[in-house]
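Report on one structure; see the data block that follows.
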Amino acid sequence: MEFALASGIGVLTACGIYLLLRARSFDVILGLTLLSYATNLLIFAAGRPVIGKPPVLREGVAETLANYTDPLPQALVLTAIVIAFAMTAVAIVVAMRSRADNRSDHVDGREPDAGGKQ
Amino acid sequence: MLELLLALPFVLALLVAILRNVPRAATAWLAASAPLLGLAILAWYTPAVMSGEIPQVTHAWIPQAGLLFDLRLDGLAWMFAGLVLGIGVLIVMYARYYLSSSDCAPRFFAYLLLFMGAMLGMVLAGNLLLLVVFWELTSVSSFLLIGYWTHRKDAREGARMALTITGAGGLALLGGVLLLGKIAGSFQLDVVLASGDAIRAHPLYAPMLGLVLLGIFTKSAQFPLHFWLPHAMAAPTPVSAYLHSATMVKAGVFLLARLHPALAGSDLFFYTVSGIGAATLLVGAWNAIFQHDLKGLLAYSTISHLGLITLLFGLSTPMAVVAGVFHILNHAVFKASLFMAAGIIDHEAGTRDMRRLGGLRRLMPFTSALAIIASLAMAGVPLLNGFLSKEMFFAEALEIRGHDAMRLGVSIAAFLAGIFGVAYSLRFVHDTFFGAPPDLGREIHEPPRWMKIPVEILVVACLAVGVVPALTIAPVLETSARGVLGPALPEYSLAVWHGFNLPLLMSIGSMVLGVTLYFGLRRLFDIHAVIRRSLGRRVFRGNVQALLRLAWRFTYAIANGNLQRYLLLTVLAALVLAAAPLADGALLAGAGAGQPMPVLGWVVWAVLAAAAIATVALHRQRLLALVVIGAVGLAVSLVFVFLSAPDLALTQLLVEMVTIALMLLALNYLPQESPKGRSRLRRVRDLAIAGAAGIGVTGLVYATITRPSQTIAGELLARSLPEAYGSNVVNVILVDFRGFDTLGEIAVFGIAGLVVHALLRRSRLTPTEVIPGGPALLPMPANLSQLLFPLALAVSVYLFLRGHNQPGGGFIAGLVLAIPLLLQYVIQGSQYVEQRLGFDYVRCIGIGLLAAVGTGVAAMLFDLPFLSSGHADPVLPLFGPLPLASALGFDIGVYLVVFGGAMLILSMMGTVKPRRKAPPAATGDAAPRGTPA
Amino acid sequence: MIETAVVVAMYVVGLAMLLSLWRLLRGPTVPDRILGLDTLYVNTIALLILFGMHLDSSIYFEAALIIAMLGFVGTVMLSKYVMRRDIVE
Amino acid sequence: MKRFLPSLPLSLAVFVLWMLLVSNFSPAQAALGLALAVALPLLADMLAPERARFGRLPVALKLGAVVLVDIVRSNIEVARLILGPERAISPGFVQVPLDLRNIHGITALASIITLTPGTVSAELSEDRRHLLVHCFNLRDADQVVATIKARYEAPLKEIFP
Amino acid sequence: MAHLPVLPVLVPLVAGALMLLVGRRIGPQRAIAWTAMAALLATAALLAREADRGEILVYLLGDWPARLGIALTVDRTSALMVLTTALLAAPCLLYACSGWDRRAPHFHALFQLQLAGLNGAFLTGDLFNLFVFFEVLLIASYGLMLSGGRGPRMRAGLHYVAFNITASTLFLVALGLLYGLTGTLNMAEMSLRVAAADPDDVALIQAASGILLVVFCAKAALLPLYLWLPETYSHAPAAVAALFTVMTKVGVYAVLRVYTLVFGSEAGELAGWAWDWLLPAGIATLVLASLGALASPTLRAQVSWLVIASAATLFIAFSLDTPASVSAGLYYLVQSTFVTAALFLIADMVRRQRGKAGDRLDIAAPLGHKAALGLLLLVAGVAVAGLPPLPGFIGKFALLAAVPDGRVALVWTTVLVTSLLALVAMARSGSQLVWRAEAFPDGAAAPRPPRTAQRIAAGVLLGYLGALMLVSAPVLRYTDAAAAQLLAPAPAADAIRGTAPTKRAPSP
Amino acid sequence: MSTAFEIMMVALLAVGAFFVLVGSLGLAKLSDFFKRLHGPTKASTLGVGCVMIASIGHHAVLGDGLGLRELLITGFLFITAPISAHLMAKAALALAAEDPRPSLPPRDEPQAGEGDGPRRAETGGRRS
């Protein structure tokens, strides 16, 4: 299972990075979204997740890591998800504005063949 | 008192600069008062200094770094201070009349005083670092002075060249001084001067000497760094007269004298300094002959004389040092007067070009007489001060011991320089004052009375020193030479007549040959036709241009404004730094065994991987990519579900929905498709990098999570219920253990809302594509969503209230509140919703933040740290016990901020107004179909 | 017995998910993909409930509830985008 | 009364939902549920385009039973078709003219049509007089329309007069 | 007083939240902003005084032991950073109050939240909390930079945003790995665990911290990650760009904090490994940034390059890893923050006085109010080029003096040569902008003079430099002590771990 | 726990899973969007419904007592499924109107004047 988790994260990372290196703002933002999935899973994985032991305390079950999975990475991931969303929102609005103001959705604000060096 | 002496120029510079509207005469008097008062103070110190005392004051500045504010007035400093102040007075007086009415006098005098102060500080400094401080200050203030006529290109260029060269020297000097301080163990001049032997024996002596000499040589315009000096002649003449006779260029030789006891005495010093000095002496003198500009001639002559002084200090015998100090004085006096005379000629005739001048002897006889006397002093004619020091120089050149080749070389150089000196002095005199009067189209007459007085004073000094040196200059010379040499001061006599000896013969010979050379050259060819372009300047300019070009090319080849490159470099940097320690296969050492993988897990894995890869494959068709990425999000939440993270699964699901909404809203204003990237190679390269990163991350994660965990989380589990009163530990961490994180997180979320609001509030954007027709009417979905809305709100309240004990909580509840509302926007249209349900989302964020912070602050009232949780169990009649945790208050803040933030973002994006006029079709975008509604 | 049935049912639902995924990736039209995604969500609800039975825990109920309640929002928005481009008019 | 409880069924729905959610029938939860049952419909009412008026509600129970039975029946039918060869399926659109004028009624009808497998309500004409229904397997358009009108629309007309 | 460490975060946070309640009226916004500013200045000063007693102030948020919750830790360095930020923010705010705050929606709220983020990043002792505050300050900076802007600023903004999100993603990757390997997020606790790490884990920890280093260097604009900065800073509004000068320092600070505490002298096998990477990178960056300053087409771009150069100088100073060099670096950090900020303000004033030519260096154009602007530019130029007597020189020579013998040749050459390049660059731009200014054509009125608030703001920043020059000795004493504290992290780590909660039971 | 209960549970699960699968199978197998649209309806009604009832029974007997919460899921699905189906159909229709290639009926159905008689749409065939 660990390998599946790790390789899933790897696939997400690879896809995210490929898109990150594209030239259009929307593609870059898609890449960042994929990357944020990858990082969320990565942090989550750092808590050595197990099946069926959610960290919600039940009566009569000893409060140890044997009975519950590590809650801390989950809290971190929650924070990270929220922050990633906020960042995505800002990035996409900036992309919209940049496209509107610069008449191109190329990340550099100009079409590569039209602009050339500044 | 020394502090006062030093402070005077600075204070008055400030005063002059502030009092801009007083008459020019008052400004000049104000400016002159600084050197005058300074001279008075100096005079007060004179008896003490002459008797060998060294007045000194020390203040701490940065004692731990060895930088003390230490002023020290020994003989050398006394002599230089006198020179700086004395000539300063005359320059101020002269400048008062020199400056035209269009020149801004307060600025000039302020700069001049600033420079004077810097010079004074440098000569008075008793701490080497302090000396460097003032040294650099002279560079800066001379930059301002040289560039005073800012409208002239040559002035600006000259100033920058001077600053560049002397600034570079200053930095080298800083390095040298730091080394010197390291070697000597102190930056105090007393200590350094006393430890000469230790310094010379130190292994770092050579680099230190190199750096210090670089500073000295740049400042005193030594070959091959001399070329800045002639270009500094673009300055107003008083500036040239001051900087290039008594002060700026003398700073270099001053330092040579100052550090002489510490540095001199090695072969390295001897050969370098005297070699460079000799070269400068000859190059300067030879070039001086071929200048057409009066000031240019004087500038090259200055270079030559500075070479002479340097050479003398290089020779390092006590007598040579005395001669050097003596020549510093003499040169200052005659060169200042010559510059002033040149200024007068320029002022009156309107030109300084010797090819156009001539016969001035008849038009301005008095000035001519003064100038001729001064130039004879420059040529070293007997009965003038120049003769005396030149005689001493010849004598010293012949006295060199132990280095026979050097003795021959230096003697020949001295003799040649003497010849050249006579020749260029003659050219100065002959071309300017003799011959036919020029026709310059203007009346040429004697300058104002006061303009001549400074020249007169200086020429008289030349004569006085030349005729009766023992009565005039001897005590000064002795005092100042003792400042350098200390008790090692040799016996010498200052007299015009030393008998008929070899130096005298050389003097006479050089004079005869000089005259012959000048007239011979005239006879051979027309000197006036010789244009000598300054090689140094060309090289400098070429180098600066090349540097600029290089900088430009380099900078914009790297920082080419291409985000892809920046991101690529970032990814690569991370790859390299992460891979470097694992290169030797340490990755999998220590990895433990994993858990078994259920088949269903592979299904989720397949969904995840397939959807992610499909997102990449489809990314150019953006809408499709968005649909597919939704499946990635779903798969990720499934992973969370299976691996025991219900809160995360909920959050991920909700955020996924909001993200899709966000992207769709944005996609309306972006092209629907990405054009194909140009280069296949680049795609392959990116794929390779992405693949490497993916494999790397897989390896790192696998290696990490198969190791045993050492987490502290066990303690969190154990303390969650008894101390934080919540059984959903994730939520307890969020609102209690790590509530501060959450506070930051909601701040981020709220700010995101504000940023989107700020960016979209007033902007008008054009949708890429407008489908004709009115807004879609969706009566049935509207009706059903009506039904859904209150139910969803109830679920939201439910999730919020139970969050502390079961999956849920403020964040999830906030989104469960926001998404149904968003649905209303989508189905009913924004106008409809906002008219009926007008929330001020911005305020909602503010209140939420305050609620969260307020809950935390409440703990402070109980003397507990911020965010400490409290707990109460009031029993209400009828309802029974009501568990209340303060975390609930915090969670309310989260709830409000998340709701407000999400809705602010989405509603702003949903209500962007279309631009009134469609912009011209952008290149690369799909042409808009239809017309904006 | 029940336990086995639950596990088998989970596999069946898993298979259903893969089929939906196939449609999602295959297309050919955008509504087809939207439909695929929507079905994926519905399948997920079933899977979550089954998983809750499998673990004998009601902790995943909320997730299923949320998907049932709000999972269609994505579908609505995507469909509206296809229709109008401007999802909030 | 209308002012504070704009829609009694909705309030009831909220209350039931709440009690089901908390699964805890303590007085405190009941009170909270009641409070929400009052507050949330008020909030929702602000957005309501047209208020629903209810006629004979008991008919609804009967209709519900009919629909449930139909769902099961047509589910089996559709499953059979899906598993069988695709050639056997002949889909098609049908225009259902509406007698219902009430949007709530139309919505309910459209929902029922969609929920029963084999038919999906695709579009409501702008004048709300026709419902475009897609049938999975269309043999006789008239019969389909008649069934819909008789089985579903008639009771709905009673519920939403 | 007991709550002092948390106030630098709370005060601006509350002020920012209040801003949202008062709506768009500028008057109350300014009132809140200045009240908060005054409170922040007072707090920062008190904090620095407290920190100078030499003890580490530990503030346990939520009264949890440091390893369970989040602890704020105040040592001399973090107090110095907070004070610098507060001192910098006041003139920036003043400058913005001369009109920009009306044009940029939410300016005041974003400004306060940015301060909260900065202070949080300086004070926190928890790695994940550091991430959170990084994000707070970054997202606020996006808003500050882009609010009210258009065109090229949007393009620069897109780069800035995308780049920083990427860096933040890497940050999370590093954090996840570090947590997975050490099981804690508290830096003090982590330092203990890193020091006692299983030999098999060392390489992995190193890889994770390598990624972390990339993140910090990206924020601090170090080679090869600095390329985003000139574009961003030169397109930001003046007051914001001036405030941003402290943001690169956050990255530098983070490196200093994490790589002295967690991977510092007591980290066993990992002790100080980061410095080996940073010295060459710092040197290369310094050279390239100086060339960039030389090549800049506009004054603001030039200043941006100088910001990079100052960060690079700091990396050099810190990577030498001796108390004296770290101390010199801290001193240099403070002064370079002020001087580059002042230059951004001056550049903006110059730009406004030159009509269409803006701050472009290759065009000669008339310059209104030449004397005052020229003087400001001169002083700032002297300071930024590291000429005496301003603190730039003091910082530089303190740094040079602190270079250990083995590195003298390399570091000295770099620092001295790049100082010369900076000098040439500043002389070039000064003479192009001020000296080459033509007279205004007849009939054309000179532009309106810079507002008093703007001039005062720039003057205050330069005044800081003057003050810093005069009180260099005590400041350097402070930084000496701060450096000693940083380089001997064991007592700090013990203090953080050992601080007992007020009411709760300590961690076993 | 009686055998009858067990059998009932297994049956419910089997039926539920079966319909979920059939729904997705239809989605994957059928050739035309409107045909496919019918598949998932099964999953969301009978499929999920049966699983839901099974779950209620499971939790009531094996778990922590009777809770009817699962009913809510079905309830919500009954509200939301028509919305999404309706909108997807509309989207497909809109796409067809915009791009005449796919085999979908024209958008401008005759509405008034044709009388209220039912009318089979001509183009809704299986042309793909």
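Miscellaneous remarks
The chains carry the letters A, B, C, D, E and F, assigned in the order they are written, with residues numbered from 1 in each.
The rule we apply is simple: contacts are C-beta pairs under 8 Å (C-beta built on N, C-alpha and C of every residue); 3 or more make two chains touch, one makes a residue touch a chain.
Per UniProt, the chains are A = Na+/H+ antiporter subunit C; B = Monovalent cation/H+ antiporter subunit A; C = K+/H+ antiporter subunit F; D = Na+/H+ antiporter subunit E; E = Monovalent cation/H+ antiporter subunit D; F = Na+/H+ antiporter subunit G.
Every value quoted in this text rests on a predicted model; they were computed, and no experiment measured them.
Note on connectivity: the fewest chain-to-chain touch steps from chain A (Na+/H+ antiporter subunit C) to chain C (K+/H+ antiporter subunit F) number 1.
The minimum number of touch steps linking chain A (Na+/H+ antiporter subunit C) to chain F (Na+/H+ antiporter subunit G) comes to 2. Any chain touching chain C (K+/H+ antiporter subunit F) that also touches chain E appears here: A, B. Distances from each chain's CA mean to the overall CA mean are smallest for chain E. Using the average of C-alpha coordinates as each chain's centre, B ends up farthest from chain D (Na+/H+ antiporter subunit E). The pair with more inter-chain C-beta contacts, choosing from C-F and B-F, is C-F. Taking each chain's centre as the average of its CA atoms, chain A (Na+/H+ antiporter subunit C) and chain E sit 27 Å apart. Centroid to centroid, with C-alpha atoms defining each point, chain A (Na+/H+ antiporter subunit C) and chain B lie 40 Å apart. Between chain B and chain D (Na+/H+ antiporter subunit E), the centres computed from C-alpha atoms are 74 Å apart. Taking each chain's centre as the average of its CA atoms, chain B and chain C (K+/H+ antiporter subunit F) sit 60 Å apart. In chain B, the residues that reach two or more other chains under the touch definition are 556, 561, 563, 567, 571, 626, 642, 646, 667, 697, 701, 704-705, 709, 711-713, 716, 737-738, 741, 745, 748, 751-752, 755, 759, 771, 776, 780-781, 784, 787-788, 791, 795, 806-807, 909. Residues of chain A (Na+/H+ antiporter subunit C) in contact with two or more other chains: 20, 25, 28-29, 38, 40, 42, 44-48, 52, 54, 56, 72, 76, 79, 83, 86-88, 90, 94-95, 97, 107-108. Shown for chain E are the residues that touch two or more other chains, namely 128, 132, 135, 139, 142-143, 146, 158-159, 162, 166, 173, 177, 179-180. Of all possible chain pairs, those that touch are A-B, A-C, A-E, B-C, B-D, B-E, B-F, C-F, D-F. Taken in their complex, chain D (Na+/H+ antiporter subunit E) has these residues touching chain F (Na+/H+ antiporter subunit G): 17, 20-21, 23, 71-72, 75, 78-79, 82-83, 86, 89-97, 110-111, 114-115, 117-118, 120-123, 125, 127, 129-130, 132, 134, 136, 138, 141-142, 144-145.
Contact residues on chain F (Na+/H+ antiporter subunit G) toward chain C (K+/H+ antiporter subunit F) in their complex (touch as defined above): 6, 9-10, 13-14, 16-18, 20-21, 23-25, 27-28, 33, 36-37, 39-40, 43-44, 47-48, 51-52, 54-55, 58-59, 62-64, 67, 69-70, 72-74, 76-77, 80-81, 83-84, 87-88, 90-92, 94-95, 102.
Of all residues in chain C (K+/H+ antiporter subunit F), only 55, 57, 59 touch chain A (Na+/H+ antiporter subunit C) in the complex they form. Those residues of chain F (Na+/H+ antiporter subunit G) that touch chain B in the complex are listed here as 76, 79-80, 82-83, 86-87, 90, 94, 98. Partner chain F (Na+/H+ antiporter subunit G) is touched in their complex by these residues of chain C (K+/H+ antiporter subunit F): 1-2, 5-6, 8-9, 12-13, 15-17, 19-20, 22-23, 29-32, 34-36, 38-39, 42-43, 45-46, 49-50, 52-53, 56, 58, 61, 64-65, 68-69, 71-72, 75-76, 78-80, 82-84.
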